[in-house]
Amino acid sequence: MTLTIGVDVGGTKVAGGVVDATGVVVAQTRRDTPAADVGKTRDVIIEVVTELVAGRDVDAVGIGAAGWIDATRSTVLFAPNLAWRDEPLRAYVSTAVGLPVIVENDANVAAWAEFRYGAARDAEDSMVMFTIGTGVGGGIVLGGELVRGAHGIAAELGHMLTVPDGHQCGCGRLGCIEQYASGNALVRFARAGARQEPTRAPILLELAGGEAEAISGPMITTAARAGDPVAAEAFAQIGRWLGTSLADMAQILDPQVLVVGGGVVDAGDLLLGPTRRSYADALAARGRLPVAEILPAELGNTAGVIGAADLARRL
Amino acid sequence: MTLTIGVDVGGTKVAGGVVDATGVVVAQTRRDTPAADVGKTRDVIIEVVTELVAGRDVDAVGIGAAGWIDATRSTVLFAPNLAWRDEPLRAYVSTAVGLPVIVENDANVAAWAEFRYGAARDAEDSMVMFTIGTGVGGGIVLGGELVRGAHGIAAELGHMLTVPDGHQCGCGRLGCIEQYASGNALVRFARAGARQEPTRAPILLELAGGEAEAISGPMITTAARAGDPVAAEAFAQIGRWLGTSLADMAQILDPQVLVVGGGVVDAGDLLLGPTRRSYADALAARGRLPVAEILPAELGNTAGVIGAADLARRL
Amino acid sequence: MTLTIGVDVGGTKVAGGVVDATGVVVAQTRRDTPAADVGKTRDVIIEVVTELVAGRDVDAVGIGAAGWIDATRSTVLFAPNLAWRDEPLRAYVSTAVGLPVIVENDANVAAWAEFRYGAARDAEDSMVMFTIGTGVGGGIVLGGELVRGAHGIAAELGHMLTVPDGHQCGCGRLGCIEQYASGNALVRFARAGARQEPTRAPILLELAGGEAEAISGPMITTAARAGDPVAAEAFAQIGRWLGTSLADMAQILDPQVLVVGGGVVDAGDLLLGPTRRSYADALAARGRLPVAEILPAELGNTAGVIGAADLARRL
Amino acid sequence: MTLTIGVDVGGTKVAGGVVDATGVVVAQTRRDTPAADVGKTRDVIIEVVTELVAGRDVDAVGIGAAGWIDATRSTVLFAPNLAWRDEPLRAYVSTAVGLPVIVENDANVAAWAEFRYGAARDAEDSMVMFTIGTGVGGGIVLGGELVRGAHGIAAELGHMLTVPDGHQCGCGRLGCIEQYASGNALVRFARAGARQEPTRAPILLELAGGEAEAISGPMITTAARAGDPVAAEAFAQIGRWLGTSLADMAQILDPQVLVVGGGVVDAGDLLLGPTRRSYADALAARGRLPVAEILPAELGNTAGVIGAADLARRL
């Protein structure tokens, strides 16, 4: 059976894996990301691939990275967490390792992995996935293929307008969904709640050493599971907004399945309950018409490696 | 050259045409729609087809109708302006006229016509179209095909959430784009403006016989072109909202072209100027990245006939 | 003990009463309002006063009417439900009945009655009252006196901006509180709910003969009390918005008491529960600081007569 | 003529002045604020008063400070920029200097100064003032007296709800006017504009050494006056929101005059032009009815000293 390699280039780690034709990871490795240094980041990617290729018959390499990738899947136009600007990553790595390479947006890669081997594996045609990290990423599959857009930058779901004149986004606009349904939003809501009503955030504040400003995403998950009201409400708030955006996607693309990924899905129904209620409310107009179900992603952190490898296989 | 027939079933008229393989309408006819009577509406469709078929070698029939059509393009699940509920229109007409038939949503049909022969004919792959009538309809083409969705009801663009807790929509939700960028919204904005500031709506009020409540869509176009401030502002308001929704579509699907259709495009830059400014503002975050241009639809009222006939040809 | 007369001029009824110095109504009468005829409306007011004066020692007459009253409390500048435009009502009635007369806005009159003899009678200094009728009216008492404004038109609380770009108001603006917390809004929310989810509006729809469009305000109160989910949610929706506006008033004026009046208060906690929760949420920022309590009005329909008579007493 | 002393306790400076009965400052002094130290801040206030009293016949002392002051104007309940919590400032200073003392909220003090001797000196009865600093403060005068509220905390105008679900406020709520019309909002809007469209912010970026994040309020005023588009738009944005809040105040309190104060008024019509347009639009519903004019504050930084001294005179 042929093997391909997937590399997931994050802001802190470069993770690589050898993946077989059934989506199984047969070997893995990881390095720290020297994020500030363009040349060194490339070198680390090449190190990872070289290590994984050794002694194996590998067909191709897929690389997933946060940022805008051009339509030919060769060049990283812009990466928010790395120093890359118009970086011809495909050519560079391909030359160095002597294998075909594709470069793809990280949220697209994760969506592809979930479509092929994860939560949406029973969907043969279409899915839309929101990946909730510090920001909000998106991936769209239609007709069994990733939608990449005429200019390579489709599925920028994080910047759908959600609240006109709402919370200011890093992109300059006010009110993008990224300001209401991201990990950063979760933290913002939880900190505000803990500051205003500390007696309703006992577990959160204990985890954070008494300092609302020290509250982190994982603390919110832990506290919400343990029954902390403010933590649970922070999940309910992002779920409420996520549900309306998922309803918009159902109305725009009517996919077979909707998937929610990212670390926040560890919170389970604390997130997905409010999400599904908000989704159902927003679709009430559709009455009895069938719509996609909302499923949590299943592959977790390995989605990046699996999806990148699988996309490389399709070269 | 083979011929197909397109039928556009509206709330007031049933229009039919014979269309050749280059999108040219070679013959046409029309009847009034007996909208309240399911059986008679079917009969009128059959009359129109029968008249057009006479003496011609026709391959197939396409029917466009407002409403939700099932995924097999056979049954009208629900039509807001007609009495149809779960109407098996395809089987009925096909049996009656002895030709293959497809049924398609009217906004999809119009989008398909513009993609093949109209404003987006130079786009070989993708477009998104908003059709502004009394409501807001949508059509999406990706990979050279209409996106119909897993349940046949994709491209319900009129019900994207635009203003949370905003103006109540007929669908039950508050704040759908249909309440901000439709012909009905245009009329609502113009009437409110004329009531509040009659001195700034001199032409509008003259056309409406002095009664703000008598202002209609065509009056607003006429008055805006003649320089009436309130009429121009009504177009600017719907353009502002339309621009933000078009920006959302660019970020979600990144199509080659964006098209705006419906009677309002007769207002030209009075509508498209504010639409493009709002679109550019909303995309400012993308900086220098290329995006789709916004074009006015070109085929006007014949889009329904041409698009339905062309979809039938592809059976 | 001296007596004064209060007259409450509504769109359908002219109600009059003789009120003593303790706020007790000692005699009453009422007539239908000939709303379309300015002269006849005045005549009916005079008839009512003349009937009530007969055989009594009356000091003065107060008239409450919907609309904008000038700062000298003499002239009705504009009345939405009556034909009055710049109507010098004070002079006309005073001449006819030979008594001092004042004219006051109906929501101000009701607020004054509640301040003196109703829900806020224990407050010696300040209150703010929202009166929920078809629209939303307001009354403000500070320093033991009605706040009438520099131009006589203070306390137009119904047109506070609540949702930017929200539901269009009769005043021309989008998003006034009147579109979210009035009786009309209650009916709009309930009808939309019953159309979208008829199975959750069984009692409402039975009361309305199966027609969502036939749902009226009193039906919603009846149905909500009987457990109809859509009816209860309609009250919760207006309560939610009312609570945020009450919180704004607490932050602007910090009154001793906040009062909610109008027919909707018959719904009791179905309205006031959500109102108080929304109010508390909006004031969470204040932490432990004391704020006004929200009380339901107590005088019902007689507030207009009592308040107008009491204001006349203070001439 | 009798003299009183006003002290303006800010986060960085304690300014004091001797003021005569016509509002003229006849002597001044200032010290740095030891903001983190409760005891030292009190000592500095006493030093300032002692220095100013020397050799003069002073009747009373007024102290203005940011924060919530209790209804008896004795105790600072909470001060955002100082270490005070339930600080009995009146008793402490009065004992130390042997004079009657009142403590008042700083925005109230500034409003009082403008009402008596500044922009609103021709208004004998009522005004509402918004003070735009890093946050948004408010002051209300009705019947010739400051409105202090039943619990001493009226005129918290900065926390009026402006955009439901809008930008998160330090108070915990989303969408307070303070997030849309404050100096902080001005800086936020300008920085976002300069990041997204640097070519439209040439002067701003030059002043900020090329770093959008280094843009400050005074730079925005300078750049806007010199024609920088992004800087001008930042003023237009806060003016737009300020105008709608001023319209709300006109509809709630109908004062004789509306005043806008704080450093931003140095921008003149760059701020007040958009503010007045937004105000007029929001009031369009009122048609021809008279409303308050919007005036810029006139006393600048000395308003705090003058207002505090004048309030002390009225003890």
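Read from first to last, the chains carry the letters A, B, C and D; within each, the first residue is number 1.
Throughout what follows, contacts are C-beta pairs under 8 Å (C-beta built on N, C-alpha and C of every residue); 3 or more make two chains touch, one makes a residue touch a chain.
These numbers come from a predicted model, not from an experiment.
The chains that touch chain A as well as chain C are B, D.
Counting every residue number used by either copy at the chain C-chain D contact, over half are found in both chains. Rounded to whole angstrom units, the spacing between the C-alpha centres of chain B and chain C is 45. Between chain A and chain B, the centres computed from C-alpha atoms are 35 Å apart. Multi-chain contact residues of chain A (touching two or more other chains): 163-165, 171-172, 196, 284-285. Taken as a graph of touching chains, this assembly is complete, with every chain in contact with every other. Those residues of chain D whose C-beta lies close enough to touch chain C in the complex are 68, 77, 125-126, 138, 140, 142-143, 145, 147-157, 159-164, 169, 171-173, 244, 247-249, 251-256, 282, 284-286, 289-292. Note for the complex: chain C touches chain B at residues 163, 165-168, 171-172, 174-175, 180, 188, 192-193, 195-196.
Contacts from chain B toward chain D in the complex involve residues 164-165, 196-197, 284-285, 287.
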